[in-house]
Amino acid sequence: MPTILAFAGSLRKESFNKKLVKIAGKGAEEGGATVIYIDLLDYPLPVYNGDIEEAEGLPPNAIKLKKLMDEADGFIIASPEYNSSISGALKNTIDWVSRKGSPDEVYLSAFIDKVALILSASPSFLGGVRGLAHLRSILENIHTFVLPKQKIISFANEAFDSEGSLKKPGDQKEVFDLGKKLSQTIQKLRG
Amino acid sequence: MPTILAFAGSLRKESFNKKLVKIAGKGAEEGGATVIYIDLLDYPLPVYNGDIEEAEGLPPNAIKLKKLMDEADGFIIASPEYNSSISGALKNTIDWVSRKGSPDEVYLSAFIDKVALILSASPSFLGGVRGLAHLRSILENIHTFVLPKQKIISFANEAFDSEGSLKKPGDQKEVFDLGKKLSQTIQKLRG
Amino acid sequence: MPTILAFAGSLRKESFNKKLVKIAGKGAEEGGATVIYIDLLDYPLPVYNGDIEEAEGLPPNAIKLKKLMDEADGFIIASPEYNSSISGALKNTIDWVSRKGSPDEVYLSAFIDKVALILSASPSFLGGVRGLAHLRSILENIHTFVLPKQKIISFANEAFDSEGSLKKPGDQKEVFDLGKKLSQTIQKLRG
Amino acid sequence: MPTILAFAGSLRKESFNKKLVKIAGKGAEEGGATVIYIDLLDYPLPVYNGDIEEAEGLPPNAIKLKKLMDEADGFIIASPEYNSSISGALKNTIDWVSRKGSPDEVYLSAFIDKVALILSASPSFLGGVRGLAHLRSILENIHTFVLPKQKIISFANEAFDSEGSLKKPGDQKEVFDLGKKLSQTIQKLRG
């Protein structure tokens, strides 16, 4: 039974991407996974600075996030697009978690051979497609498998109903099915 | 006489990229520019969160940085590569500065029609080339002209002498000349 | 008075991108440039093969294209998006033209310090934005200045009227103005 | 038992990338796969033109390549880097094979849910890393799983011995092991 860590790259309370994470998460659960939903807002981190790391090691929240990611088999990440790339919040999280918590840790253990589904919702018509291109390349360079299929939601401010579902049934199903596919892919790869 | 704002994407005190900024800065000065050197460490920012922005507006340091960038004609940015992209610190700075400080501001005024030189120094053999690909696309998407020529310094931990110059005279000259070219390009474009 | 070479990355007779080239070309003419329109269909090339180059040198059409590009100060390139990147036709053209026609030629002379405007029209809703990301990085890596602003036309099959103008006046003006800006930028940079 | 189609993006007879393909292919065979080696030189194609496709359908060699790719479970692709992207030959092949051979075919059947290992050898010190970034994004956008780990061989003109093995034992093993991992990954995903 795979464990999937699900989170958005946005810190906003009413983030569209947090809604998207939930839809895919339900699909992953139907696919047999245990989904752990976290909110990066609950794990505030300083902006990464190598001098801080050298003097004090990883901050407690980085260690907590690292443990959660280490123990997960895969990730659902819904990322807003800020200035055609991923959010500073998401980049900063990846930067801290990619560091070793102790000398005997395996480098990049939180990411290597994990499987990720990436999604994006954005008020713009491009829906975050440029941000996902960066996110995909970042994750793959640290050896995470990224599902080739992704889903972007354009005009996100009009895309969700009051219950957090996507108004277009085709989109809702597609995101749900991608979550399910993530779960199934992990099970196959983990054997 | 153009004004160029010069900074590194790293917060480390002994950052290789801060050294690189200085070499290019000298070239820009020889090319006729006034170069203002800043250190992002002197402008600490919270990780960008749209809810904070809505409730409190831009933080004072974001407003200061924005003013510096608004008044500059161009930028020298030397960016470390963290996880094959730019640092969280640099992304977070761009995210804050790209927001409007007041309703009557021109959107993205700090970036539109500015000219940038991008550089990277990294201990790895790839020298930060993947990070610069992201930085380039980010800056151009917010309408900054980026000089097509860039310079990456591989094996940066062995590349600088004790005075902060690049040991290879060819590299030293190339970075210096790029700074000069930036200054000249701005003068041509500004007329 | 700058000379601009204008062409599409598609070989199709009724290519949307050929129409786009003409709109931007008119803007460039108003901006003071002489615009030379070519159709890659008139310069058929074999698929690039280093062994052919070594045995026979550049094909006559590659030499013709190279001469046209060498003599131009800048380019208007409208590129279709095939499989999320630029067309094989455009890539193959760049590959041939990037080679030296004779030993005493300056390497990449057709591209270095040239200025390019890139555009894309595509029947898809993404309008070719992923293809332009590749085109932009390719051109900049061979030292061509690419205007940071670009224009993509989504749903291109419904975007043009019978005279080849864009139905949305805002889009028409934007492409025209980008052509004009290209011409002005070249004049500034060439001094 | 998975079938893997293995080929280089170069047409040169003495291509470094053809050598690289063989090393990874041996690893894939040890991992239990049947590896079919092809040379794109044996499947010459015209440069893709939508008008030709409309008038005449796919050329015979495109149909042959499509059949080979349709029947394969995965791919080993070693791509040279031309002008910081993939070769025109490889792009043109993908463009033709991505088209439907007949109306009842499943769109992109040759690529969807396939698994690919991508490699690059180049005489430059960057070893083709920029070309692989483009290849990766192209393949994933047409729904091929790409192994996150890849291998680039810098200074390729000095990297191989007379038997086509990599002189550095670590590199030789890494490429071999990636081939093996590809085979194992396919077996897991195919169940």
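In order of appearance the chains are A, B, C and D, and numbering begins at 1 in each one.
Everything below uses one rule, namely that a contact is a pair of C-beta atoms (placed from the backbone, for glycine too) under 8 Å apart; a residue touches a chain by one contact, two chains touch by 3 or more.
Since the model is a prediction, treat every value here as computed from it, not as a measurement.
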Chain pair showing more contacts of the two, A-D and C-D: C-D
For A-C, find its twin among B-C, B-D or A-B: the pair where over half of the contact pairs carry the same residue numbers. B-D
Centre-of-Cα separation between chain D and chain C, whole angstrom: 28
The distance between the C-alpha centres of chain B and chain D, rounded to whole Å, is 37
If a residue has to touch 2 or more other chains to count, which residues of chain D qualify? 130, 133, 137, 141-142
Where on chain C does chain D make contact in their complex? 10-13, 41, 44-45, 47-51, 82-89, 91-95, 98, 130, 134, 137-138, 141-142
For the complex, give me every residue of chain D touching chain B. 125-126, 129-130, 133, 154
So in the complex, which bits of chain A are touching chain D? 133, 136-137, 139-149, 185, 188-189, 191
